[in-house]
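Same chain, two partners: subunit A is paired with subunit B first, then with subunit C.
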Partner chain A sequence: MPKTEVLIVGGGVTGAGIARDLALRGTSVMLLEKEDFSTGATGRSHGMLHSGGRYAVKDPESAMDCAREGVILKRIASYCIEDTGGLFIGIEDDDPTYVDRFLRGCAETGVQAKEITTKEALSLEPRLSSRVSSSVEVLDASIDPFALTLGNVEDARDCGAEILNYRVVQRFLVQEGRIQEVIFENLRNGSRESVRPEVVVNASGAWVDNVASLAGLRIPMSIDKGTLVVFNGRLVNRLINRLRMPSDGDIIVPSHSASIVGTTSDRVDSVEDFVVDRSDVDLLISEGQSMVPDLRHARAIRAYAGVRPLLGGRKEGRDISRTYRVIDHEEEGIDNLVSIVGGKLTTYRLMAEKTSDLIMCKLGSAGHCITASEPISNPMAAKTVRDLLAFPLIRMNRKYGDEQTDIIAGCTSSLRGKEILCTCEEVLRGEAEYFCSREDVMRLSDVMRRTRIGMGYCQAGLCIFDMASVMMEHSNQEPLDLIGHYLRERWKGVEPVLFGSQLRQEVFKRYLYDGVYHLESLLGGEAR
Partner chain B sequence: MAVIGRATTATALSTGCVTLYRPPGIVLSPLRTDFEMLNRLVSPFNSIVGQEPESIAGALNELRGFLMPRLEEQGLPMSGDFNQSHCLISNIGSPYSCSINPRYSENGRLDLSERKTIALLGFLGLRGFDPDLAASIFKSAVGRRGIRAYWTQIPEIRERYDVSPSEVAARSDHSPVEEHIGRSIKELDEEIIGIPPIFGLSQYQKKMGHLERDTGKRIFEVVTPLSLPGHRLQTALERVAAREGCRLLKGLTAIDMEFSGNHASSVTVRSRSREQRITFSKMILASGNLVSGGLVTNVDEPDQIVPPLQADTGRMPSTLSVSDTSLGSQALRSAMTTGIRTDADFHVVCKKGEVLDNVFVAGSALSGFSLPTGVGLGGVMFTSWIAAENAMEEG
Partner chain C sequence: MKDHLIETSGCIKCGACINECPVIATEGVQRFSGPRNLGVDAPRFLPDIGATVDNIMMCTTCWRCEEVCPANLPVPEAILHVRRQIFSAPNMLHGHRRIAENIDKYRRSVEPRNTHDQVSPRGKGEVMYFPGCIGKERIPSIYESSVGVLGKVGTDLWIPEGWVCCGAPLEKIGDWDRLRMLREENMTRFEGRGEIVTSCPGCTSHLIAHYNLEPLHTLEFLYEDIGMSRLRFKPNERTIRVALHHPCHLVRTIGPHVIDYAYSILNEIPGVKLVEMEDPGACCGGGGGVVAGYPDIALNLATEKMRKAREVGAELLLAPCPFCVLNLGRLDSLEIMEFISFVNERLE
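And now, the complex of A and B:
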């Protein structure tokens, strides 16, 4: 039976970060993820690299962590970060005393912030409401959570870690107060496999309680659902936050070809509750409009919801600290299980460092954390490309970091590699081919997370067939199954925003799918 | 008689297959013509038009009799699997076309139940058709094995990638592209060969004929969305209309209609440079739905683009087996079935409820007549035929 020093359960950014951290310290690591990487809270976040400003008043501990980690991530993960800067803006009706509390909070927590005049703010962001009454500049940035997670995954692999997706942990065999063996199912072929770890890390985010229960333990968690709406195009240049206590619909993040408006906060009972309510979408649009009135005319292309795993059971969503905790379950009778709960995308590296420190203790190994200084991917290579080459390559660099060299080679080596599959996001066939040929990718949405194919305003209206055609070359799956699965997934995000231009887009897609391709009959009425 | 058009039509974006009945799901065997099935096939029209099956059958037959020779004259021969004794069913797809969906293959020429071998041939660099994918869909949908996929390269697109079929068509009219394709086809062992559509209307019949003669094989086009067959049909129909003495005014958007009481007198149209008023004695609105631009989205629901009219949401042909799951949600379903409100004789109904006696609605501008709800080109042409007859009869 295979052995590993550390088994990590969960392939979000935290799990991937721990894998990279430990692998860089020379530890043998295996990671199991039940779906694709970053399909939980990681991929369903804003993609916001916090300066700490959002927590400066209410949650100083998180603010300090964010301030420090933001600087570190801009250094080590520059490929997937767009350093847009951020702006906190107060609107006429907002509490006028908040500005001072905010600035004081920032000063106390080490968050860089500078108040600017309304005129300056409007020159930086012409689409802002004319009712802006106060503005503070901060160092927020836009980060691609998929690219960040995959960068950690690839780096960990380069250091010998075994990182596996579509592996569902089913049982922990516990004997003498230790997890002796972990049994998991390989979703690719349905087989059951097992591994003997020395230490198990539960980094399963919102599912942390479910995984702990496999060892007979409970971790009281609060599951908080946040809804976000993606708008076509960039409505703002930098991240816009409302200068008030964090509330609904007060963040706008420019991200790739889109703007993401969020978020709501609702307590939910199930970690699988990703359903978006139309009322949440309406709330986000109306709140977002008070900061950027043009949002009313912007085209909402999809909505999504993520479940935040928050520490503690009693308080309601926004009152719960966004900080994290590393739990050693030794006191509860399981010597070799560690859980990491709570936290934020921005602080994932710190969480990984603290978790890894405890694990190294448990293993009795030496080895220091180097992730605060060791860049993910090679920034020199990225710099050369940026200096020398044209826009598509810069784009590829931002998506793929170090991997871009192989991907570009694939795109240019054949005639078909240069075909543009997704015109919304300018994704070449070679990019899709590169990822389809890899073990990680099983479904069309996996290709999407890696290349952004199908993420544009048409939501894979035309390229879905091209995606299926590329996938077929590397997989035995029926293309209609792939297409059906993907459409069902996408539909969840499109249905809540069926109005205006997107309604027309969807009607046009039905014209193609049902009227021309007859996918309805081919998929047995399950296209939607 | 004049036709006013704004931009690309949904017809031009379609597969170009005109089906004057709706087959129940995928039918691959030669049509059985029992009466129960006939009733089912005709009933979508019946329930909407409010006419007896016999008169619908007559009208369908008249429409077919009108269209087929005229389209053929324009270089677009339509073939079909007819049953003259009932005259209710005519499936007139173009003889060289079928879809990657086997449902369109049943046009009499390409009988997949034959024990003939089939190959699909793709052209490297040409958008929209992947023979591997098409073969795979064929296999899983038809359950037929042994449809093989091949790739070839033609000189017109050798140095490029991402070429659209219409670009190839533009060049193939002046180059010996079919010789290259012919050579590639001859190398294949299979007897029936599917290729992507690359010939425009003017060369279509001639070059497809050459290919068949030179290779000794049956050649058909695999119809893909947004490609040439729809364009060819649109072009051919426009030429038929012109030939029949109709003026075609393109690039005009109807923005308002003037009427008093139950009678409309003129419509205001806008081109890029100016507005003008066109007076008429009868008007048929065939302005399409959300897909083709006859309707606009008005925040939460579709609305009519010509102001005084009423939108009619959600008339679903009662007999169409469109399940809830397949059309997604109420919002999408009602958007897709929305059209312009009419009375039973296709007279348009205005916002305040007036029925205009000289303005008729036809085609997918009618509520419920949209391709995704299962009413294809045949259905919308049929309503045009009826609307035109109503307009003529009412003198």
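And now, the complex of A and C:
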């Protein structure tokens, strides 16, 4: 039976970060993820690298962590960060005393913040409301959570770690107060496999309680749902935060071709509750409009919801600290299980470091954390560029790093690699070919997370068939299953924003899918 | 100013603009990424739009994409807006730099020829005639014929002294500093303008959109203000087979009515046998700064146009636009003439 020093359960950014951290320290690591990487809270986050300002007043510990980690991540993961900077803006009618408390909080927590005039704010961001009454500049940035996670995954692999997705942990074999064996299912072929770890790390985010229960333990969690709405185009070029006590619809993040407005905060019972309520969408649009009035005319592309894995307790939603906790389950009778709970995307590296420190302790090994200084390498290595239009090329540089990559080389050498497959997001067929041929890509949404195919305003309206045809060159799955699975996921996000242009888009797609391709009857009504 | 991001956000990816784009048809999407990419999709990635520089100047601004768009999105204007946003003097295409240099030196988009104005600039005319750079300096017969025709029908003209290029070519290459300068210079010279008549659809649409004036293209002036009854044509025994090109900016930015006026006039000219070529509204390649920026693309489109005219047996191709005449005239496979010049030749 295979052995590993550390088995990590969960392939979000925290699990991937721990895998990289430990692998860089020379530890043998295996990671199991039940779906694709970053499909939980990571991929459903706002894609925001916090300056710390948001927590400066209410949650100073998180603010300090964010301020420090923000600087580190800009240094080690620049390939997936757009250093846009951010603004906190107060609107007339907002509490006028908050700005002073905010600036004091920032000063006390080491969050860099500089008050600027309304005129300066409007010249930086012309779409801001004319009702802006106070503005503070901070160091927020836009970060791609998918690329960040994949960078950690690939780096860990380069150091010998075994990082596997589509592996569902089913059972812990516990004997003598230790997890002796972990049994998991391989979703690719349905086989059952097992591994003997020395230490198990539960980094399963919102699912930590479920995983802990496999060892007979409980971790009280507060499952908090946050909803976000994606708008077409970059309405702002910095992150815009509302200068008030954290509330709903406070933040607009420019990301690639879109502006993402979020979030809400609602306690929910199930970690699988990703359903978006139309009332949340309305709330976000109306709150967003008070900062950027043009949102009224902008095109809402889709909405999505994620669950924040917050530490449980008596407090609710926004009152719960965004800090994290590393739990050693030794006291509860399982010697070799460690759980990491809570935290934020911005602090994932710190969480990974603290978790890894404890694990090293448990393993009795030496080895220091170097992730604060060691840059994450671009997920791919360098090759040459030829014959490509500059625009897809710059998009690839944004997505995969400044260096010219294997992917680009694939685009120029493959027969049809230079064709634009997804026009919204400017993704070339060669990019899809590259990722479809990789071991850890099984579904169309896996290709999407790696390339942004299908994330644009038509929501894969046209590229879905090309995507499936590229996938079929490397897969023996039923193409209609691939398409149906993907379209169902897209539909969940589009349904809550079916008005204006997005409604016309869906009506057009329906004619196309049903009238031209007869997809509806083929999929049994699932394509809507 | 229009909010281009919001205005173009209604795209549903039907592909009509791409299927109808004349530059994609001749050059392919590997070379020219097309109206949807440049006007709708790329601007969403605002910090990256500079990367469109390698093909955005290939658009002839023929306005066909907007015409066929089921959502009626202002795609050409959005493309022009991107050109404005990414304009950088050091990176201008060679041909575009020459336009800018000509503006700086001569206040014309092309090098001037020393032809004399036939009309006294200080005349007390009621109608102001704006000659335009191409008609005045490159194909002077257009200027002479326009003044001739307007004189024959009894119009009292004046030409503003020291008029400068209207700025339309600068809008096409994204150079708004020079554009504003020219507009200010012209506006002081247009004092006491009265009605304005121009020979060039480019000038006409530019004066409408950027000067907030209401100029008439010569065809509009002849048909609407003078009237068909006052046009007396020479009798002519020899019959000539004539095809009419529909210039993009004439029919799609001024209005489709103008080409109907051209047909009405042609129908009255003795000896003219109209032959209708396939897709007479297809772009000739003359617009959008493409002749200066990418002469090979302009020539490819012109070749197509001439082929279609010859196919229906035309002996003469008429175009009511100096730019089209300039571009099509680079080929000598068929006689090409500016519309008003032909009218002048046939008018009593």
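Quick notes on this structure:
As a working rule, the second predicted complex is superposed on the first by the 508 of 528 C-alpha atoms of A that agree within 3 Å, B and C clash if a C-alpha of one lies under 4 Å from a C-alpha of the other, contacts with A are read in each partner's own complex, and residues count from 1 in each chain.
Here is the rule we use: a residue touches a chain if its C-beta (ideal position, glycine included) is under 8 Å from a C-beta of that chain, and two chains touch if they have at least 3 such contacts.
What you see is a predicted model; the values in this text were computed from it and never measured.
Once the two complexes are laid over each other on the shared chain, residue contacts for A:S501 go to subunit B and to subunit C alike.
Once the two complexes are laid over each other on the shared chain, residue contacts for A:L480 go to subunit B alone; subunit C is not touched.
Shared-chain residue A:I420: touches subunit B and subunit C both. By the touch criterion defined above, A:R510 lies against subunit B but remains apart from subunit C after alignment on the C-alpha atoms of chain A. In the superposed model, A:R234 makes contact with subunit C only, not with subunit B. Once the two complexes are overlaid on the shared chain, A:W491 sits against subunit B while remaining clear of subunit C.
By the touch criterion defined above, A:A258 reaches subunit C but does not reach subunit B. With both structures placed on the common chain, the touch criterion links A:Y457 to subunit C but leaves subunit B unconnected. Subunit A residues 418, 420, 462, 500-501, 504, 508 lie at the interface with subunit B in one structure and with subunit C in the other.
Here subunit C touches subunit A in the complex through residues 3, 5-6, 9-15, 29-30, 33, 36-37, 41-48, 51-55, 71, going by the rule given at the top. Chain contact summary for the complex, subunit A toward subunit C: residues 82, 232-235, 237, 254, 256-258, 294, 297-299, 387, 389-391, 393-395, 398, 418, 420, 423-424, 426, 456-458, 461-462, 500-501, 504-505, 508.
Contact residues on subunit A toward subunit B in their complex (touch as defined above): 415-416, 418-420, 462, 465-466, 468-469, 472-473, 478-480, 491, 495, 498-501, 503-504, 506-508, 510-518, 520-522, 525-528.
Residues 10, 13-15, 25-26, 99-101, 103, 124-125, 127, 130, 132-133, 136-137, 140-141, 153, 161-162, 223, 225-226, 289-291, 297, 299-300, 302, 323, 325-329, 331-332, 335-336, 370-372, 374, 376 of subunit B are the ones that touch subunit A when the two sit in their complex.
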